[in-house]
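Chain IDs A, B, C and D follow the sequence of writing; residue 1 opens each chain.
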Amino acid sequence: KQASLEDYEETVQKAKEAWKIWADIPAPKRGEIVRQIGDALRKKLKVLGNLVSLEMGKISIEGVGEVQEYIDICDYAVGLSRMFGGPMLPSERPGHALIEQWNPLGLVGIITAFNFPVAVYGWNNALALVCGNCTFFPLFSRIIAKVLEDNKLPGAICSLTCAGADVGAAMSKDERLDLLSFTGSTNVGNQVAVDIQKRFGKCLLELGGNNAIIVFDDADLNMVVPSVLFAAVGTAGQRCTTTRRLVINRPGNYVEPTIVTGLAHNAAIVHTETFAPILYVLKFKSEEEAFAWNNEVKQGLSSSIFTKDVGRMFRWMGPKGSDCGIVNVNIPTSGAEIGGAFGGEKHTGGGRESGSDAWKHYMRRSTW
Amino acid sequence: KQASLEDYEETVQKAKEAWKIWADIPAPKRGEIVRQIGDALRKKLKVLGNLVSLEMGKISIEGVGEVQEYIDICDYAVGLSRMFGGPMLPSERPGHALIEQWNPLGLVGIITAFNFPVAVYGWNNALALVCGNCTFFPLFSRIIAKVLEDNKLPGAICSLTCAGADVGAAMSKDERLDLLSFTGSTNVGNQVAVDIQKRFGKCLLELGGNNAIIVFDDADLNMVVPSVLFAAVGTAGQRCTTTRRLVINRPGNYVEPTIVTGLAHNAAIVHTETFAPILYVLKFKSEEEAFAWNNEVKQGLSSSIFTKDVGRMFRWMGPKGSDCGIVNVNIPTSGAEIGGAFGGEKHTGGGRESGSDAWKHYMRRSTW
Amino acid sequence: KQASLEDYEETVQKAKEAWKIWADIPAPKRGEIVRQIGDALRKKLKVLGNLVSLEMGKISIEGVGEVQEYIDICDYAVGLSRMFGGPMLPSERPGHALIEQWNPLGLVGIITAFNFPVAVYGWNNALALVCGNCTFFPLFSRIIAKVLEDNKLPGAICSLTCAGADVGAAMSKDERLDLLSFTGSTNVGNQVAVDIQKRFGKCLLELGGNNAIIVFDDADLNMVVPSVLFAAVGTAGQRCTTTRRLVINRPGNYVEPTIVTGLAHNAAIVHTETFAPILYVLKFKSEEEAFAWNNEVKQGLSSSIFTKDVGRMFRWMGPKGSDCGIVNVNIPTSGAEIGGAFGGEKHTGGGRESGSDAWKHYMRRSTW
Amino acid sequence: KQASLEDYEETVQKAKEAWKIWADIPAPKRGEIVRQIGDALRKKLKVLGNLVSLEMGKISIEGVGEVQEYIDICDYAVGLSRMFGGPMLPSERPGHALIEQWNPLGLVGIITAFNFPVAVYGWNNALALVCGNCTFFPLFSRIIAKVLEDNKLPGAICSLTCAGADVGAAMSKDERLDLLSFTGSTNVGNQVAVDIQKRFGKCLLELGGNNAIIVFDDADLNMVVPSVLFAAVGTAGQRCTTTRRLVINRPGNYVEPTIVTGLAHNAAIVHTETFAPILYVLKFKSEEEAFAWNNEVKQGLSSSIFTKDVGRMFRWMGPKGSDCGIVNVNIPTSGAEIGGAFGGEKHTGGGRESGSDAWKHYMRRSTW
């Protein structure tokens, strides 16, 4: 049963109240709660993984993998809960110091996409919690609520809002939502982001990708073939990091039926994220051309080259190389590690989730 | 003479060409150019300062101070040109590493406000340049162009666009502008930001402030009086960090005519940035109330308390304390150091300029 | 039964072999092993805590606390295993970058003191492991060995060497020990450090403390009394962070028999770490004098002031304030958090364990 | 005329007095003084460079290059003076925070080697000064003293001690020297370090190197030949980063007379730093062997491979790759940039000068 706008209103109010308690708990203690959440999920890993697999229509191993990613980010967040913080900087004024203080935002709304509902929620939930925020979201709420209860904390710290588009629209416009983390299509993401910008709110966007692998002459084909295969058809081509364009300078025969060759690099269909295991194969003449084709689509999520050349690798990473958020060498476009910052530039939205300094999305900074 | 849209078009094209050269120059060499710009300004400090003073209608010492701030940020940027960069992080995959690469954005447009035209431009210009970007802006262009010429570099690296609202609107919508740094009113800033968000562009906003000083019983009045005076009337009350609200728990007599007492803390006029040396004096009953009044305005730039109490100081900095970007203790709201991150939350726009990690605004990050 | 030099030789050789496997395991996977170690300890927390309590002669709650600290640092190290690493820095050379690479040292010897055998070992063990090192040490080895075995890893990754002074001396001189972490007395520590320096080896020293609490007039006595009491007599006065000197400007009556008053601030006995719950009370005249007395002992571990004064707090932290590694305000000298860097200056040895960048002790850095 | 021990005593006392003033000056203001020192040197760059060239017997361009490096590090230190500092970390305790405070050490002694007297002094002097320390050293003292005087600061902030071995020995043992930065031979460096360790003092060692270039089959010989030539004979082979061993798997003819072939990789002479342009050429069979030979010498300063292979590059950087402080790919062993951390492992001493976090050598850290 979906939540009404009245339900939503009540949920927000409860979460705002719960935050007053949560914000006062020291970050390492919040980390301990998150550790317990991770442990509770670990105990039910297979059951939950299969549930995800059934509901999303992906293979079981990927369902389990998603839950495992939630568990991993919980472990990561436990360590982070003793590490984040700003620097102390020298001041011009005698006997004074500049200190950068990071504080929680308050209430973080999370809207995830159908293809990775659990991992993306986990990334947001675990980091937002250790940073001192309360969050919204449906799945697993009973497991999380149990951990909170066992620690005598209000369940509203992690609220449930299984709801439709009306609540989604309300969230974009709701000033009490200190951050809205949105994963989904570029079109909806754009509307969400504009609504939030109008109220000077904060959002974290993970939108579409249109990811290319460039294979150079000097690449090791033993690495290329399985990489491209998995990257193009894994998760039924429904990852935002799925390879959708394969750029090679080498003729050959390619397996039907999911590979399309002979299109122009700038054909409209090649610039669109199809969200199916369709791979466009494009033939390039020079490194410069291959890099340019990688960059000419609107999206900027993931990108790979296969090469043995050290110099080319550094050019690929440099100011005139790939303009994506994820820039791989000799590994495919799909997949990501929680230790790195995950997300993309341009129409992919610019957000970063998971590791590195992604935690800064969930906090506000003061200089004093 | 103001630039037409044709002039603007030509300028952007030249700047985009110039960037191809600039991006290839190693960052420490770009730092050396910025050092020379700082030195060229240093040699004409007084002349330039007086020019600013005349044109903006502020006292000479403040005009000189602005130019000095440009010089200081140049010196800062020289050091930064050998320091910025992302971390190398451990990877899950054997023999692999995660590396965070920061690259220049490309072309940075800068629109500054009438009250601090030079310092704000300098902050943006110096950092954008060492990060590897080209920039737009009017003043001092001849001095900068000379330095660039002396180094056999195209002047378009720092372009001149003295223009009107039509060019401003064009800039907001121009996809070739990789970042637009806007300093000005909240109303215009909102429109600029929404236009930029629609095209998934990047902006850096420094909008209005409505800054409070809270004076507690235990404050040292020898510090409070001159601080409040300068913070309220310095620069004719036309700093974005000017103190506009004084929150005290203590009756007394206050100097006319620029101080207004007796208003409710939530009177509409008190929540508006007047941009004149008008100071509203409000009397509070408890620390909680004083902090709440500080936070209840839409703007979130600067804020101060005067107190001797260590515990109160930490509460003021904490999650339930000030929600501003600048959180001072025993110094007034006005003024800032280039070493810290300058900017504010909420309707102030969320941007950060000058020190700390403000350089990240001018770059894009890839994980590989 | 203590290990002979032959046993030691065999252990080192096995550990060196085991390292070849361990170093190839990605850091986050090493983190997963450390997580399992923490979990195995968590399951036996009370039993192990009581064992420590019996063996060391401290109260049960402190024994359990030590094991808990080992568990906590394991959780911390799991997160760290995805975070440590050096920056990528801009290079002068076109198309080039400076990268700072951190690699494991290899084999880390750990010698701990009788008073905190478990926590100190845990700090070293957990960090050394995720950083990619093998370690030596007695206690808990069976629990750790079980975790390693379950993961099909050689037990020699964490070796057992319960041994006497001859092995200790051999370790100081053994070039195959890439780091020797030594906790103990200043005298032995000095000899160990000199032996290691002779072979250009690396050590991490946590030696004696002689810690003072300074109580100012404006202190909150409700906070001072229990703090001083616990800090002076907790763990039977056998913490390296035990308060040994109490510096006040205020006459009064003090509880016998463990408090000694009337000594000169520079009496020889006051400058010696007694390792018993004896507290010397000294009366000071000025802030400057109190700070000087704090600093005049050879040791430099922990120090506290009790005051409400913001200005004094910043002077206490500044270049002319406390010269200790731990500088507290309104909390006593004893105790530490794993998130901070634990250790002291001067004759305390200069090492840092536990949080912040203490992990750097366990790695070597290359610039490329 | 060399200083006597009495002169030394007086100098130390004056420097200690001067420090009381210097430590109170805010770091960015200290940066401004260092900027002026850099500028004063810049004005006399050629004259000073030629003086160095004459006195040290190296070519003029290298003399000028040394002074330029001093100037560059001054510019770097100006930026650094607004940036260094520790993090603020989350605490377990409610309403509390862990802050890492970095303070100056006090007095830094600097002993440099004959081959790079100016650059090495400059690295130490500029960083030590902005960090808030006073320093000792001979050359350029008049230029520096003038800058200090012009700013009404005591000249003793940068003292002159042109002295012999007796003063050197006294410095090692003098507890008032908070840091001794020593560049020179491994033998003397070892004695200095042991003396300093005996008193629990701090030192920064830059000792000998024995640097290898490994040339793989797939290397670009157009890059290798000039690189090896310059690295082996530049500065008359008197750089600590001079290439002394060339490891190749490829027969050929080599230019006499400074190249020695046919020696065993472990011949005693090959393991010794000759400090002359003599290059030992060794032929290897496998990557593993080549890496092992690179690592088998006692010294651990600089090392290079020439290869096009991405995989080999990452193995070279990894835990089983080079054990040196500087690990290059496709550039020779000699040369370094001030933005990176310069120094080496093992008998090279372990110190790091110049960029990155080398500034931490000149400060002490407190956790509060």
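Before moving on, here are some points about what is shown:
Quick note on the criterion: a residue touches a chain if its C-beta (ideal position, glycine included) is under 8 Å from a C-beta of that chain, and two chains touch if they have at least 3 such contacts.
Because the structure is predicted, anything quoted here is derived from the model rather than measured.
Distance between Cα centroids is largest for the pairing of subunit B with C.
Comparing chain pairs A-B and B-C by the number of C-beta pairs in contact, the larger count belongs to A-B. If you average the CA atoms of subunit B and of subunit C, the two centres end up 43 Å from each other.
The distance from the centre of subunit A to the centre of subunit C, each centre being the mean of the chain's C-alpha atoms, comes to 38 Å. Rounded to whole angstrom units, the spacing between the C-alpha centres of subunit A and subunit B is 30. Among the residues of subunit B, those touching two or more other chains are numbered 24, 28, 81-83, 86-87, 89-93, 95-97, 99-101, 311, 318, 329, 337, 339, 355. Taken chain by chain, the contacts link every pair, so each chain touches all the others. For subunit C in complex with subunit D, the touching residues are 20, 23-24, 86-87, 89-93, 96, 98-101, 103-104, 132, 190, 193-194, 197-198, 200, 202, 317-329, 331, 336-337, 339-342, 345-347, 349-350, 352, 355-356, 364-368.
Within the complex formed with subunit A, the subunit D residues making contact are 24-29, 81-97, 99-102, 307-311, 313, 329-330.
Subunit C makes touch with subunit A in their complex at residues 28, 31, 35, 75-83, 95-97, 311, 314-315, 318, 337-339, 355.
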